[in-house]
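The structure appears right after this line, and notes come after that.
Note that the chains take the letters A, B and C in the order they are written out, and that residue 1 is the start of every chain.
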Amino acid sequence: MNESSPLVRLRDVHKRYGGVRALQGATLSAVGGEVHGLLGPNGSGKSTLGKVLAGSVRPDRADIAIAGSAVQIGSPRAAAKLGVSAVYQQLSLVEELSVSHNLVLGQEPGRVGFLSDRAAKAKARPILERLGPALGDVQADQPVRDLTPGQQQLVEIGKALLREPRILILDEATASLHRDQVQVVFDVVRELKEDGVCVLFVSHRLDEIMELCDRATILRSGETVAETVIDTVSPEEIVRLMVGDVQTVEREQEEPAEGPVRLAVRELSGKGLSDVAFEARAGEIVGLGGLQGQGQSELLSALFGATANSGSVSVDGRPVRLASPRSAAARGIALVPGDRGSQGTLPARPILENLTVASMRKRASFGFLRAARERAASQRMVDELSIKVGGLAEPVSSLSGGNAQKVVFGKWLLNEPDVILLDDPTKGVDIGAKSEIYRIIRGLARAGTTVIINSSEDRELVTLCDRVLVMFEGDIRAEIRGSEITEERLVQAALRIGEGTHGETTAESAT
Amino acid sequence: MNNLRRVVRDPLVIAALIAIALVVAGGIVSPGFASPDQIVNMLRVASFLGLIAIGQTLVVLSGGEGIDLSVGTVATLGAILASRTMAGDNAMLIPGVLLALVVAAAIGVTNGLGIVFLKIPPFVMTLGMLGVVSGLILVVTGGVADGRAAPALVHLVNGRLFFGIPGILIVWAALAVLVTLLLRRTTFGRQLYATGAGREAARLSGVPVNRVLITTYTLSSVFAALGGIAMVGYSQQVFLNLANDLTLPSIAAVIIGGTLVAGGVGGYLGSAIGAIVLTVLTSLLTTLSMPEWARIVVQGAVLIALLAVYGRQRRLRS
Amino acid sequence: MTATDKAREIEERTAFFDRVKGIRVASWATGLLLAAAAVVAAVLQPNLLTPYGVSSTFATFLPLVLVAVAQSFVVIGGGLDLSAGAIVALSSVVAVQAMRGEEGTALIGFLAAVGTGFACGAVNGLIVSRLRLQPLIATFATASVFSGLALFVLPTPGGTVPAAMTETFRQAIAGVPVSLLLVVAVAIGWLALRKLRVFRYIRASGGNPAAAYASLVPVAGARFASYAICGAVCGLAAVAVLGNSGSGDPFIGGDLALNSIAAVVIGGIALRGGIGSPIGAIAGAITLSLASTILFSVGLPTSWRALATGLVVILALSLSALGAPRRQR
């Protein structure tokens, strides 16, 4: 490998989303003919870094050089001109169009404005043949809508390959693939490598990184912390580099909660969930662990009645009708949802309205609100949760991520919930606000509220939880209790569950 | 300084300044345009549009591409039903008004149900309803409009009740206060804003989104009918297309008033000022003896210009 | 015949069958509705099937068929054109004024109509794609501008159209009425042009604008094109209106926008974009027109017809809304 003239060199990349620094001076350097892993915990900025290179995120500052010459990448079109293609887990397919039309989308062959389906098929054929073992019986003129998620992901990969990139970014592009399909993709990647293509490989699956990559860049909190040659390190060392100083995480939960059973869930099935059953006690903090996207968020919205499901849920022995968030809230269940902007807050509305929206009916008489009471209630939450606000009339969009999240907490605390469901409550929240949110969560538990928390950060679960339920493919597969909850146990549990069953479950049967 | 800038940038203030500027311009072009009598008369005409714009404001606030294209014809139908029932008799004033409002409410509920449960986009549903209501008007009238407003209604609109102020302006002002209170001081108002600002977040906060939407479209039709009734008090005679042309201005008034097309932000006061701006503009164009076609063109062009200022949509790239 | 020739022949044959498959009406529901409407109409009004019946029926259908096709381009592209009716009105009165009733000016009238329609569509396209205004309110506003201009061009209904234009409509070629041939011609015209790159881009932009943008499809350009094409086809509809009525009318556009949207929906074109074909729009327009023919023939009093038509439209809209596949998010 020639270190002196890398094909891709990113330096000093900065990107802020509102108050959150996604990237702060990240660097990356990769050469042609190499598969380069991009690793880091969730929220470390690895995807953002890839998107900067692909032209779909505009960095605040970046120093990018391709094949030694400095470039600006202002749009996906500019990236494509430089030979950069990207594949994400989130697909960019037009479902109404056929497979071959999607493959050639944006570069359709044709004459004088008329497209030739035959030429398109001819152009797509080698790619379809190459991916054929993984695609199964997919036809070129089948609408993409009829394909399984795995097959769609493969078409997405094929689309990038058809552009014959010099630099190919695969961002969690294998997440929805069956093991055999992954192997086909890996073979293709190895061929590209032989041809001198630089492949940037972003994945959560450590085993895939170990198998495929030559080198890896490891990011944490938007900064590059290490660059390693894969052959020289063990998986454990990589995990340690990813999580950083393992010792600093302190469990602050001394003794397990001994309260009565508050939340009982039986045979809960639905979108992304199969037959989930568990119980949680009053005052207990229960974490949902495992790889991302194994049904944790789905479980929380199901418990809140936000999605259609079957099964039984009871709070303090009384059954809850899972018909709507409204009926769940009436039974004392609250949800702090995963997407603060579109699900948690009403960004354009004042802080006061956001705080009072879920509880105002209790304070209203005949539908009329008293300004003083509403103000007092929201001021109480602002004080209790120490939310930093300019004024109660300011829109929530003026707040930082952490303070906006506290507003979502405050909204539900005014309802005095018995069970609070937290979906990644500190995502995009700065360190200071994070510890304050932890304080709020502990306070709730001490007061007897049952807390169910999903987190994209394992150390958050270690810090907070009495018990962690490890989920895999919509079901609870393992349980870790008390002092056994460590970051390494969590990472291992998540990966090991995957090893056992991964490959038998295909995308088709998972839906 | 910062505060001053915020005040100057407030759409409400801008709209009010435009209204005043138009009146002044009119006064310069044609003496008498800005006379108190003439101003009162313009406000009187603005009140019909203002009443209809109440409902349009609520609908636009409810978000989800909320719009009610049926308000103009519903106003006409309301005017026809009320005036036929009254037939120039004060005794039948209340029954006439009630009949019009009940029928309008039924139309609004239908709009709401179609939008919420059949998931028909608001513009399609209300545009379809426009066709149905036009048909209904022909059925009711048999193609001949023959209603007459009750004298009391005429007096309310055309007479000068208090210190030379027409009663209709007092009704309008009272309703403006009530609607503003409804929006700001009731659970319904808060739920409406929440629904418009973020439907998913509202649902996840326990807001009965469907009920709010149906109520909103019902109110829209009811206020439209009210505007139509006020109009027939002005014209005394009813016509088959009395208020049909007020749909576009009602939307324009809402946008001038600073209510976001995307929903969730805004209020009625702005729309009321918007209604005044549009009315003054129309009478100014009439004073300048602009032909009808030019007035129609200007109306459309004004709306496009306003949208360009307030209503740009997001780019595809972040 | 050599083996390669044989192979080529087979390949061409399959290509032909592919083409036939592509012609299918948007959905079975559309076909069913059309068949039902046709049967009921034929039963209720037997003289519909006489050459004169077919000729006059299709002559009245043609404008809506064309506007529905025009609307379908915009809707498939993820937009909406509420000004379609006003464009027809403006294009038709411009054409009337351009021809001034003189013989031999039919071609000038034709070009004037299509040119005006295209210009209006281009204005819509610029406003929606470059200024990024919400299509619904923007085209509602331009509808006002266009109909105002139509009043300026021709303040009251009147003017005459060269006989060449009106005669053509009433003729028959080999016993087949020209009006029917023209509807068929519209369908064939689409089939001939559907492989144009711009139509693929319109469909991709309507189906998933973010994905299309990421795949380097010029989304804004496709949006613009969809409105411009819509306007030009509305200009064609204006010619059909003139041929049919023989004189100009600035108020002609009235119900065309709503009816074209209803026709598009009946034709299986999803209002959220990306799905459906102009062929469906043609079927939808004919179904809708037949429905009003039926209403005529059952002897409804004149004053009830508008209401019945309105109810049919809203019924069709709600039925289609129930049957349309929902997008999962």
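Of note:
Criterion: contacts are C-beta pairs under 8 Å (C-beta built on N, C-alpha and C of every residue); 3 or more make two chains touch, one makes a residue touch a chain.
Everything numeric in this text was worked out from a predicted model, so none of it was measured.
Taking each chain's centre as the mean of its C-alpha atoms, the one that lies farthest from the centre of subunit C is A.
Chain pairs A-C and B-C differ in how many C-beta pairs they share in contact, with the greater number at B-C.
One finds 45 Å separating the Cα centroids of subunit A and subunit C.
Rounded to whole angstrom units, the spacing between the C-alpha centres of subunit B and subunit C is 33. Annotation for subunit C: residues touching 2 or more other chains are 210, 213.
Contact of a single residue of subunit A with at least two other chains is seen at positions 56. Shown for subunit B are the residues that touch two or more other chains, namely 317. If you check the complex, the residues on subunit A that touch subunit C are 56, 76-77, 80, 91-97, 101, 105-108, 110, 113-118, 141, 159.
Subunit B contributes residues 65, 67, 69, 114, 118-121, 123-125, 127-136, 138-139, 141-143, 248, 251-252, 255, 261, 291-301, 303-304, 307-308, 311-317 to its touches with subunit C in the complex. Of all residues in subunit C, those touching subunit A in their complex are 15, 18, 195-198, 200, 203-204, 207-208, 210-217, 274-275.
Residues 80, 82, 127, 131-134, 136-138, 140-152, 155, 209-210, 213, 219, 255, 257-258, 261-262, 265, 271, 302-311, 313-314, 317-318, 321-322, 326 of subunit C are the ones that touch subunit B when the two sit in their complex.
Those residues of subunit A lying in contact with subunit B across their complex are 56-58, 75, 304, 306, 324-326, 329-330, 335, 337, 342-349, 353, 356-358, 360-361, 364, 367-369, 371, 411.
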